[in-house]
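Listed next: structures, encoded as structure tokens.
The following pair of complexes shares a single chain, chain A, combined with chain B in the former and chain C in the latter.
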Partner chain A sequence: MSATSHLRIEGLTKIYGSTAAVEDVNLEVAQGEMLVLLGPSGCGKTTTLRLVAGFVAATRGRILVEGKDYVSLPPYQREMGMVFQSYALFPHLTVAQNVTFGLRMRKLSKAEISSRLEETLEMVKLTTMADRYPRQLSGGQQQRVALARALAIRPKVLLLDEPLSNLDANLRQSVAREIRQLQRAAGLTALMVTHDQDEAMTMADRLVLMNEGRVQQVGTQEELYEQPLNPFVARFIGHSNLIAGDIVDADSFRLPGGGVMKLARRYAQRGPHTLALRPERVRLHVGGDAAPPRATAQVEDATYVGGYVDYLLSFEEGSSLALHEPTGATGGTRRAMGETVAITWDSLNERLFDPKGTTIPAMESA
Partner chain B sequence: MAVTQSSVAIAPGAAIPGSPGTVAALTAVTRLLVVVGIALMLIPLLMTAYMSLFADGVVTFPPSGYTLSWYGRLAEFPKFGQSLSTSLRVAVMATLCSLLIGVPASIALVRYSFPGRSALNVLLLSPLTVPGVVIGLGLYVLMVDIEIRTEFPLIGSDWVLILAHLLITTPWVVRLCVANLVQLDRSIEEAAANLGASPGRVLWSVTLPMMRQGIVAAALFAFIVSFENIEMTLFLISPGMITFPISVLQYLEYRFDPLVASVVVVQTAVIAGLLLAIDRYVKLSKVV
Partner chain C sequence: MTTRRPEGLTASMLIGPATMVVMLSLVLPLALLARYSLNKYDRRTFMIDAFTPENYLRFVTDPFYTGVLWTTFSIAIVTTLLCLLLGFPIAYKLARSQSRWKSIGVLLIILPLFIGSTVRALGWMGVLGRGGIVDAAYGALGGSGISLLYTSFAVGIGILSINLPYMILTLQSVIEGIDARLEEAADSLGADPTRRFRHVVLPLALPGIGTGGILCFILAMNAYATPFLLGGARFQMMAPMLYREFAVNNNWPFAAAIAFILMLTTLSLTAVSGLLVQRRYRAP
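Presenting the complex of A and B:
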């Protein structure tokens, strides 16, 4: 990756007073790649984007584009096109004047400006709106103007700050696809920020999950979902049951209440650990299942939600587990509340984290 | 510090719980209050306009007849031309100068943080808290002292009046521009920088055009505050040079005839015309 990386962020840190908003962020984005920064609010993703744009001065670190360090340059010399969450269109300028603003700042020739304007407006299908003012446009159209304005300067890197959050839910998908298409067509390296997991999953080539100013995991959608590196990733991407207990034997996991689960794999470690299981990867054990029952629990609640039945199961003394049973096979019949059920899961779907939050390897399949 | 615009929309019958009777009563009370408010503002104006039509040389009620002739005799009003032109000159200059001070100051106050920021804010608004008579007297004593020491005539000069009026117009400019600026989306300026505009270009091409409404409102207030000022100005005029409101005041000291009413009507009409003209370019209902 490093040979082809177009944007490289090294040890980027921003400290406000005594708290680090962004701490030691290292990222590499390949030419033409869309990297999406994801995380809860206050995780440092927006600050990271603003550091790259130059609106926030870095405490430490480097921001390299094509090998050149941009970290100490002011925003107007960074050649990065940004699409703002609020779109930030110039209210006193027309669509055409908005789109050509960056070109006029670059003192391009009139001919060049008008040909780029035409080309860009065509790309975002706004040719007929050139003389309108932003307030005369719908939210989706304003968004496209913001995108066109950023694309017109042919930026080295495209920065997108929550680009879909101000749109109606039914518009989001089509706009997301459109942004992706334009970014791919232009071969632009892009960095996007979002708090919405679905949005991140649909838009990204690769994802960066952040929390408390630090990068938790970088990887593809599959990597983050299937192989979360720590409990935070497991819980944030999709949903995971995080069950505290002790590994008491190579394949035995004892819950605080005393019950023991049979693990799907064997582990060398002992002592307190956290078991992560996804609700849709755990199933009710029925006769004929190849995997043995791994634990028993009581049905606390069972809700039919269409595609699956959402079970809340409880173990003795507090531990509980969410389980999604697809309705396709059962026709949606639910187990009675209070019924004791056996559950099982396959070895691929089991992950254990040590108290420091790092995932521990299995010895071999049980 | 910031005056933020707020609008409260009351949808009758929607937000207020209660029987239709209660709602109707509340609506009636609201309407009554609006009517009383408008009447309080309009009655003095209408009375003045009414009096300017009286035929008698001394205002008596009921009048013996009505005439428009007072309007033909405006030029007879003592110092009408001199006082009106002085007032306009001073108001225009005070407005321009207070914009030159107040607009940059409000940008600095809202967009930058620097040592002494809150002190500057208080300093710029403080003249509003001091009665005009006190400022006027203070300035008068100061000017007289300087005149004695330098033997340079200050009282009655345009520049002294303009400087004094700056004290009362600048706080208005700062208040209105600050209120306008805090509403503007900061990221619009960031977008301009992102597109390659240097800080100077951002200010000139984006910030100032976006502040247009605030600046117009500020200019308007500054002009009116300066034009109408009496209490502070009283101390700073000379017999040869007075402002328009003071000429009206002086006239009323020894005479009360419909001429002064017609003069005031003309003045009100001029200011109203000015407001209407500005409203064509900037919707005043949005800025004030």
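Presenting the complex of A and C:
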């Protein structure tokens, strides 16, 4: 990977006063890959993007494109195409003038500029809008102009800052697909920032989950979802239940109130841990199950939301658990509130984290 | 139950008082002034009813008066351009500042406005006059007897110092309205700071430059205390001359004509520059 990586970020750090907005970020993006930075607001993802664009000066670290360090270059020498959240189209220029802005700054020949303009407008299907002003366009069209403007300069890296957040919900998917197609067609290396998990999942080749200025996990959608490296990842991607308790025995997990859950796998570690379980990977235990239930709980709340019933269960000790039961098998029957139910889950869907937040391995099957 | 008043009536009732005030305090005196400017001056009775353009003719045919108008115009143009050149960087810095010192900066700009132009002109007299700070400093360096007072320089610097805050505040509010992301966009598209300024900031700030320029120009054209105190008898501008004709010479008809010439010159130049800015900025 490292040999073929097109954009490489090493030890990137930005410190404001005494707080680190971005701390020791290391990333590698392959040629043509779309890497999506995801995280809650204030996690440092936007600062990272702005560091790469050059709008923010790095405290430490290197930003390498094709092996060349860009970190100390001003933004206008970085050749990175940026699509802004607000699009930042020049209001006093027409669509054509907006798209050719970067080309004119590069002093390309008239012929080259007009051929690239035509080509780029065709790409984003805005040929008929060339003489309009930005305010005469819809949000989706403005977005495409912003994209065209960034693509026209044939950037080394395409940077996208929350590109879909200003669009109507029903437009987002099609625009997301469009951006992906254009980026793939151009073979562009891209770095995108979003706070929206679905958007990140749809757009990314790989994801980077950030929190408090640090990278929490880098990986594909499957890796982040199936193998979260720490409780934050487990919670942020897919809202895992995080249950605090103690491992008291190889396969026993004791809740603070004293109740004990049977774990699906066996562990060598003992003491306080966090159990992560996904709502859709926990089942209500039924009579036909071979294994005994792992825990019992009371139905606190049950909401029918169509595809599944959204249960909120509570253990006697006050710990609670969200459980999604697909309605396909049950035909939509709901358990009554206050009813005691038995629950179970498969060994693949159980993850335990030690107090430091690192995942602990299970022992070889007993 | 109340009967509903027709909407047009309510509107005219609301607009009415303000219209009356404007009519009484602005249009009426102006009309009166226009009428006076066509009267004749007489040594004993001061003003004789007449209908003659001779006051205007006297002004435009006498090189002294046209000279004063030209001086006034030059000073106004030069100070306005200097305000723009000096004010833009400050306004830009203030507008883009996110520091907690920003409000203090704005306060520092506003502060001089609390002191009347007369008092500030007096201050400049102490700086520029014989025995003033400049003179003393020059003397200490071995020179002798320098007085900058009663020169175009003194009047220019006086007007500049009074008008600069207006320019800065006008520009600042306009620049604040320009999304900083636009500059970043230009930046990422390869525009160095100079071209970013020329292609993005300047065209978008043009309405503010127009407004600030017109404001400073009008203020300079009509400046009274500053040219009166810093220009003295040697350096004449329109407003002090107008006052002298009116109060010292008691020639109301001629003073009225001067007032109209000053007003019309200012208005027409303002209108022309306004149109130029609009055309430059026009977008459908």
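A few points about this structure:
We take it that the second predicted complex is superposed on the first by the 362 of 366 C-alpha atoms of A that agree within 3 Å, B and C clash if a C-alpha of one lies under 4 Å from a C-alpha of the other, contacts with A are read in each partner's own complex, and residues count from 1 in each chain.
Quick note on the criterion: a residue touches a chain if its C-beta (ideal position, glycine included) is under 8 Å from a C-beta of that chain, and two chains touch if they have at least 3 such contacts.
All values reported here derive from a predicted model rather than from experimental measurement.
Superposition of the two structures on chain A shows chain C clashing with chain B.
Contacts of A:L151 after superposition on the shared chain: neither chain B nor chain C is touched. Touch criterion met: A:P91 reaches chain B and chain C at once.
Applying the stated contact rule after C-alpha superposition, one finds that A:P75 touches each of chain B and chain C. Of the two partner chains placed by the overlay, neither chain B nor chain C lies in contact with A:L255. By the touch criterion defined above, A:Y133 reaches chain C but does not reach chain B.
In the superposition on chain A, A:A200 makes contact with neither chain B nor chain C.
Look at A:R106: by the touch rule set out above, it reaches both chain B and chain C. In the superposition on chain A, the residues of chain A contacted by chain B and by chain C overlap at 53-55, 74-82, 84, 86, 88-92, 101-102, 105-106, 149-150, 153. Chain A contributes residues 53-55, 74-82, 84, 86, 88-92, 101-102, 105-106, 133, 149-150, 153, 159 to its touches with chain C in the complex.
Partner chain A is touched in their complex by these residues of chain B: 185, 187-188, 190-199, 201, 205-206, 209-210, 212. Touching chain A in their complex are the following residues of chain C: 179, 181-182, 184-192, 195-196, 199-200, 203-204, 281, 283-284. Partner chain B is touched in their complex by these residues of chain A: 53-55, 74-82, 84-86, 88-92, 101-102, 105-106, 149-150, 153.
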